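Got some structures for you, see below.
One chain, chain A, links the two complexes that follow: it is found with chain B in the first and with chain C in the second.
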Partner chain A sequence: MLALYRKLLVASIRAQMQYKLNFITSAATTGMIMVLDFLILSAILYRFHDVSGWNIYEVGLLYGISSVAVSVYRFFAPEINDFEKYVIHGELDQLLIRPVSPLLLLLTRNLDLSRIGGMVQGISVLILSIAGLYAQGKEIGLLLLFTPVAIVSGGVIYFSIALTTAALGFWTHQVKDLQTFTIYAPANASNYPISLYPGWLKWMFYTVLPIAFMNYVPMLTLLGKAESWYLPLLTPVVAALALVLSLRFWAYGIRHYHSTGS
Partner chain B sequence: MIRADRVGKTFFLTQAKEGRFSSLRTLFSREKREVKAVEDVSFSIEEGEFVGYIGPNGAGKSTTIKMLSGILHPTEGEIVVGGYSPQQDRARVASQIGVVFGQRTQLWWDLPVHDSFELLQAMYKIDRQSYVRAMEMYKELLDLHDFLDTPVRKLSLGQRMRADLAAALLHNPPILFLDEPTIGLDVVAKTRIRAFLKEVNRTQKKTILLTTHDMDDIEQLCSRIIVINHGKKMVDTSIQELRNRIGLASMIQIDYHKPPKLPEAYANEGVERIELAENELTIYYDKGKIPSPRILSEVAQWGEPLDIRMKEPGIEEIIKRLYR
Partner chain C sequence: MVYWRIIRKSYRRNLQYRLSHLVNNLASSIFGLVFIAIWAGVLQGKQVHGPYDLQTMGQYIAVCQSVLWMTTFLSPGLTIPVGVRSGAVSLDLIKPVHYLWYMLCQEFGRILYNACYRSLPIGLLLGLAVGFHFPSSFYTCLLFVLSLLLGTFIGLLLFYLTGLASFWTTEIRWVHYILLSLVFGLGGQMIPLDLLPGVMGKIAPYLPFSCMIYYPVMTFLELAGPEALIVQGSWALVLTGIALAVTTLARRKVEIQGG
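So, the complex of A and B:
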């Protein structure tokens, strides 16, 4: 299974490399957008010093985790993000005639290498933030241990949300602007403390779009803002749960695949 | 080998919304249109049969093939392919079938043809020995030598189809589904593909289900045809039987320099009808009873032909005739 995954992936990357210019320009654009994004955030923080009781380094931690997690998801699953074309043009047909899981085939069709830019940027923010917290005299041992867990869990949560959104495409045939609500908006929202948002939105981020569990909830404990010791444990648990549910929904949705006439 | 039992597929097409947030509004829309793509279709195909599955555009041919190969789930009825349900045991059925869609390649578009075969070897877990044997055989039969190292996107349509056929057969499946495998090909390429399919069916006893709009495919390859129209099965019979029932008339049309002189009473077994309009002569005949060259040699004696056109009866016409 893993050998097949690797083999198919290498083939896809080789195919992608046939269009080198395209690759270079898209990597550069992604990097630039991410840098711009961060500059805006820095400007806001510089002006206000803190956001609902979280200082610049603490918000940087939230931002860093979220942005690396999104990049990890976009890196591994660009075809889930672009799933619309598979439904509209019936491209899923050719994946379904193979004796291999169509999801595995989808994931091996492409790697979005240009997202490495986003990961580097996010990791830089994380390093700066953790160093800043250390300078303020905070205990950072647990933070360092937990950050990779948060990133992986966050990537899984984004992937689960994206897979669910993609599976909705079996009925709607359009996913692009659903993604605005389910992926892009939450990805932006999770750069800041969830306590900022109105009740109904908060409720969304704790349930159907559970991005709160990726960075905000565990950081409450780790940054000493909440007493409960178990909050960080919820992060991988929620991620696993989201993944299982989204895989089930995907398997259910694929039965409703229409394909296209030819 | 293949059995479909009262199979039906109904789509509920939501009227897609336009404008802002169209997908959200589509998701919650209640306007749905019911489309019965396939309705109550049953048939059974035995090992080694070569069956043509025909019908006009939109009749439900592709939908049926997609249900048989596990791509679509039928709304009603049951399907068994090679002993398993393509819906419940999709992966198991997948390794027993080879599928070719004429409209779309299964190969890796940007990679050399050879790479696609290697990836398929890994995907279907074909052992080295069988793989080498299959490759040798299909390289020979389909003459793939010249373009094995060419990226798929640079192949001609004929080459691509040959590569696609080899790819579908690499794992040695007993069953082949071919959805319009000759579409868009020139005469030479068509002839070559037909010869190959005939060979594979004869020597390897592969069970083949083929959809096509080309009557020559049907006549030269299939021993049996199933006709489907508006999603329902209309006819399921041998080619011979169909020929007797409607008589597949071919047409030959000749423009003469001056009005031709026809023999007083021209009668020939196989010629159904002759129409003469000034300089233009049209002959309807049954190819099975009188070969085209004989007609050509005879019409040349009646005058000086300027132009000769030949036309085979189209599938639409035959279906129309079937239900007239």
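So, the complex of A and C:
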């Protein structure tokens, strides 16, 4: 299974590397957009010092983890993100008749290499933020250890949400508009402390779209904003749970697939 | 008039999608709510100088999110690259209307649609969250409409120019992204430009990007007077000149692909 995954991926990367210049420019511009976004946020916090008690480095941690995690998801699963076309054009038929699981085929079809730009930018923000916290005399050992866990868990959480959204497409035949609600808006929201948001939004980010557990919840403990010691442990647990549930829902949904027959 | 017919046709074409867009507005409003919440957190318990108290800032963001759908969320390159790749551009170029105005009208129909089915609902939804602000006089309304139209026109020209790049490069995705990040970064979508620190705050209000977001919003909130129109008007003239010149160059460059 793994050998097959690798083989299919290598083929996809080779195909994309035929367009090297395109890869470099799109990776650089994807990174640049996020840099400008963060610069504006820094400008705001430069003038106003903090957002409900979180300083620029602390927000930077949330921001960095979220943007690397979302880039990891977009890197590995571009076809899940663009799943709508498979349902609308009936392209899923071709995948269903092959002797390998359709999900594996979707994941190996393509890697979105341009997302590397987003990862580099997110990691830079993380390094700056952790260095800044260190300069302020904060203990950073645990932060350094935990950040990779948060990134991987975050990637898994985004993937699970995206897979669930894609699976809804088996009934609704439209995913794009839904994605703004389930992926893009939460990805934007999770750059900042979840405590800012009105009740119903907060409730969503703790339950159906559990992005709060990726960065905000564990950071409460690690930055000394909450007493409870166990919050960081919830991060991988919630990610695993989300993944299992979304895989089940996908498996259930795919049985309801009707080809458009065009 | 022929241009008016193009606008109307394009408006009608977009009407097909209104139901799904009305649902999408809910999701788009969440972006606005997030920014409003961030500002609420930033301004919490602080003394602010100038006009930006919590409510004004909320309204600034709300009007921004609404204006974005008219001035900024336009089709990448005004769909020029699609025509260049398929070869359809050759037919557009021989039409007896000027290519620049033809493409602008096509998109303007879509903008009118966005105004009715995007800007208005989003403005109303976010207005519920931050409280409504209405211009107090007819004079402000007039200024706002002018400022909004100029902002839309400048947005159209900038997107048109990125689209024209496809005559040389075919692929314009990255030019489009650079333009978008400049507009989002320096246009005032997240922060009123006069609050930006240092040199950025000095320069940004005079760049064309501010004309697309910052000035229309400030005019609506009665924080900017007729001087906004001077900056916008100047850029409109300059960019029109550039667009006309580059169109002429592009005509000479055109390569027809496909068949």
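Methods note: the second predicted complex is superposed on the first by the 251 of 262 C-alpha atoms of A that agree within 3 Å, B and C clash if a C-alpha of one lies under 4 Å from a C-alpha of the other, contacts with A are read in each partner's own complex, and residues count from 1 in each chain.
Here is the rule we go by: a contact is a pair of C-beta atoms (placed from the backbone, for glycine too) under 8 Å apart; a residue touches a chain by one contact, two chains touch by 3 or more.
Owing to the predicted nature of the structure, the values given are computational and were not obtained by experimental measurement.
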item	value
Which superposed partner A:Q18 touches (first chain B, second chain C, both, neither)	first
Which superposed partner A:D177 touches (first chain B, second chain C, both, neither)	both
Touched partner set for A:Q94, first chain B, second chain C, both or neither	first
Which of chain B and chain C A:T29 touches, first, second, both or neither	second
Chain B/chain C common contact set on chain A	174, 177-178, 181
Complex contact set, residues of chain A against chain C	22, 25-26, 28-30, 32-33, 36-37, 39-41, 43-48, 50-52, 174, 177-178, 180-181, 184-185, 188-189, 192-193, 195-198, 201
Chain A to chain B touching residues, read off their complex	3-4, 7-8, 11, 14-16, 18, 90, 92-94, 96-101, 168, 171-178, 181, 255-259, 261-262
Chain A contact footprint on chain C (complex, rising order)	20-21, 23-24, 26-28, 30-31, 33-34, 37-38, 40-44, 46, 171, 173-174, 177-178, 180-182, 184-185, 190-191, 195-197, 200
Chain B residues within the chain A interface of the complex	11, 14, 16, 20-24, 26-27, 57-58, 62-63, 66, 69-73, 87, 90-92, 94-95, 97, 99, 101, 103-104, 106, 108-111, 115, 119, 122-124, 151, 179-180
